[in-house]
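Consider the two complexes below, in which chain A is the common component and chain B and chain C are the respective partners.
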Partner chain A sequence: MEQVLAFTSSLIEITTVLSIMGISISIIMLLYRAIAGPTNPDRAVALDTIGINLMALAGVIAILLVTTKFNDVILLIGILLFIGTVALAKFLEKGVIIERDVD
Partner chain B sequence: MARTNDIILRTTTTLIAFILFGFSIYLFLAGHNAPGGGFIGGLMTSAAIVLMYMAYGFRAMQKVLPVSFRYFVPAGLLIAVGTGIGSFVFDQPFLSHTYGYFHLPVLGKTELATALLFDLGVYITVIGVTMTIILTIADDIDEE
Partner chain C sequence: MSGTWIDVVLDLVICLSLLIGTFFILSGSIGILRFPDVYARLHAATKSSTLGVAGIMIGAFFYLYAEYDIVSGKLLLAIVFALLTAPVSGHMIARAAYRSGVPLWEKSVKDDYYAEVQHKRQKQKQ
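On to the complex of A and B.
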């Protein structure tokens, strides 16, 4: 039983470290797209996806540190990401984020 | 320019704004024993209001929320200072806080602290400051 537990915990550790490496590579590649993207919508989508990867990174690190205190942070990143992306999209499409009068 | 149709954004906003308000109230109440508190709760509430402003525009939101957010700042500061001054009534130093255990109908035995009232002041002040900044920047046409 002890052996199984030790094996499982080491398996979790190896898996989380591998996931962190994968997410980091993904963020670096997205960073290239955010810097070198030919148009501004490319950069907006790259930043949005970087945020999603950041959510994943926070979740994996919460597993690695054995804590549940990060769950709020993950939800918070998602919410702020959504609002930021909506604001960027409205700026790119209409040139104004909060319109004075629609309809 | 043809009028654009924001139906996806607006339908999503009606759903997500409720989740944001609920999450902000959760963060506000969780601040005593877990991450959260008045500051981040107020920021979440103002994020929800900003999202509604982005989806529906200035004029529609003034009909929905006919309040001036700059009155939130003195109201929140008054609540925060009031909890500090309230400790003088009980012959205690300024900003002394206390707590007690109460039996609430649904929640059972609950610890209620007067620090929550101070946090409420922070919450309202943060909403007022954030919304005042954002709406003042967004409002670029002269109102004569």
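On to the complex of A and C.
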């Protein structure tokens, strides 16, 4: 029983390191699209997905470091990411973020 | 660690959900890198990254439950938040891309939004 528990806890560590490697490769591939995307909406899509990958990376690091302090960080990244993406989309569409109707 | 078989099953569930989440995030990133068009890239971006972040958050939730006996509502709230905001931001980026004149892929066969945009522009001119 003790051996099985030790085996599964080491399995969790190996899986966590594998997940960190996979998410890092994914962020590097998205960084290529964010720098060399043909148009500006391509860059916006890549930045949005980089933010979602950062949420996942914070969750995996919280497992690796055995702590509960990262839960607020995950929520904060999500909220700021949504506001940033909406502002970026409005800027791409109209050239301004906050519209003012004069008449 | 009380040392019963339920801990072993919980550990296996954590490993499986972490692997599933990493697979979906990686495949979505490959889709963004390889697809030919903004409108095709948005499919890969929103759906598969939402599924991937949901898998990893479920893994972190079960790990906190197994290690500390904590039911963390914030991680479940992160899943709900990603599920709500990803389609909205994807739709806004697609609309901004179409209205700022990004062309479709040359092998696209159908463009239903074109007539609507032309109609709206004519109505604005009058």
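What we mean here is this: the second predicted complex is superposed on the first by the 100 of 103 C-alpha atoms of A that agree within 3 Å, B and C clash if a C-alpha of one lies under 4 Å from a C-alpha of the other, contacts with A are read in each partner's own complex, and residues count from 1 in each chain.
Following the convention adopted for this analysis, a contact is a pair of C-beta atoms (placed from the backbone, for glycine too) under 8 Å apart; a residue touches a chain by one contact, two chains touch by 3 or more.
Quick caveat, the model's predicted, so the values are computed rather than measured.
Asker: Should the superposition on chain A be reported as showing a clash between chain B and chain C, or a fit?
Answerer: Fit: chain B and chain C sit side by side once superposed on chain A.
Asker: Between chain B and chain C, whom does A:M29 touch in the aligned arrangement: first, second, both, or neither?
Answerer: The second partner, chain C, only.
Asker: Quick check on the superposed pair: does A:A56 touch chain B, chain C, both, or neither? Answer first, second, both or neither.
Answerer: second
Asker: Any idea whether chain B or chain C touches more of chain A?
Answerer: The partner that reaches more residues of chain A in the superposed model: C.
Asker: Name the contact category of A:I98: first (chain B only), second (chain C only), both, or neither.
Answerer: first
Asker: Let me test your reading of the model: by the given contact rule, A:T8 touches which partner, first (chain B), second (chain C), both or neither?
Answerer: second
Asker: Give one of first, second, both or neither to describe whether A:F82 is in contact with chain B, with chain C, with both, or with none.
Answerer: Both partners.
Asker: First (chain B), second (chain C), both or neither: which does A:I74 touch?
Answerer: second
Asker: Using only CA atoms and the superposition described at the top, report the least gap between chain B and chain C in Å.
Answerer: In this superposition, no C-alpha atom of chain B lies closer than 5 Å to one of chain C.
Asker: On chain A, what residues does chain B touch that chain C touches as well?
Answerer: 72, 75, 79, 82, 86, 90, 93
Asker: Spell out the part of chain A that touches chain C in their complex, as residue ranges.
Answerer: 1-2, 4-5, 8-9, 11-12, 15-16, 18-19, 22-23, 25-27, 29-30, 32-33, 39-42, 44-46, 48-49, 52-53, 55-56, 59-60, 62-63, 66, 68, 71-72, 74-75, 78-79, 81-82, 85-86, 88-90, 92-93
Asker: Report the residues of chain A in contact with chain B in the complex, numbered from low to high.
Answerer: Residues 69, 72-73, 75-76, 79-80, 82-83, 86-87, 90, 93-94, 97-103.
Asker: Okay, in this complex, where on chain B does chain A touch?
Answerer: 4, 6, 9, 16, 20, 23, 27, 30, 34-36, 40, 44, 47, 50-51, 53-60, 134-135, 138, 141
Asker: Which stretch or stretches of chain C touch chain A in the complex?
Answerer: Within the complex, chain C touches chain A at residues 1, 3, 7-8, 11-12, 14-15, 18-19, 21-23, 25-26, 28-30, 32-33, 38, 41-42, 45, 49-50, 52-53, 56-57, 59-60, 63-64, 67-68, 70, 72, 74-75, 77-78, 81-82, 85-86, 88-90, 92-97, 99-100, 102.
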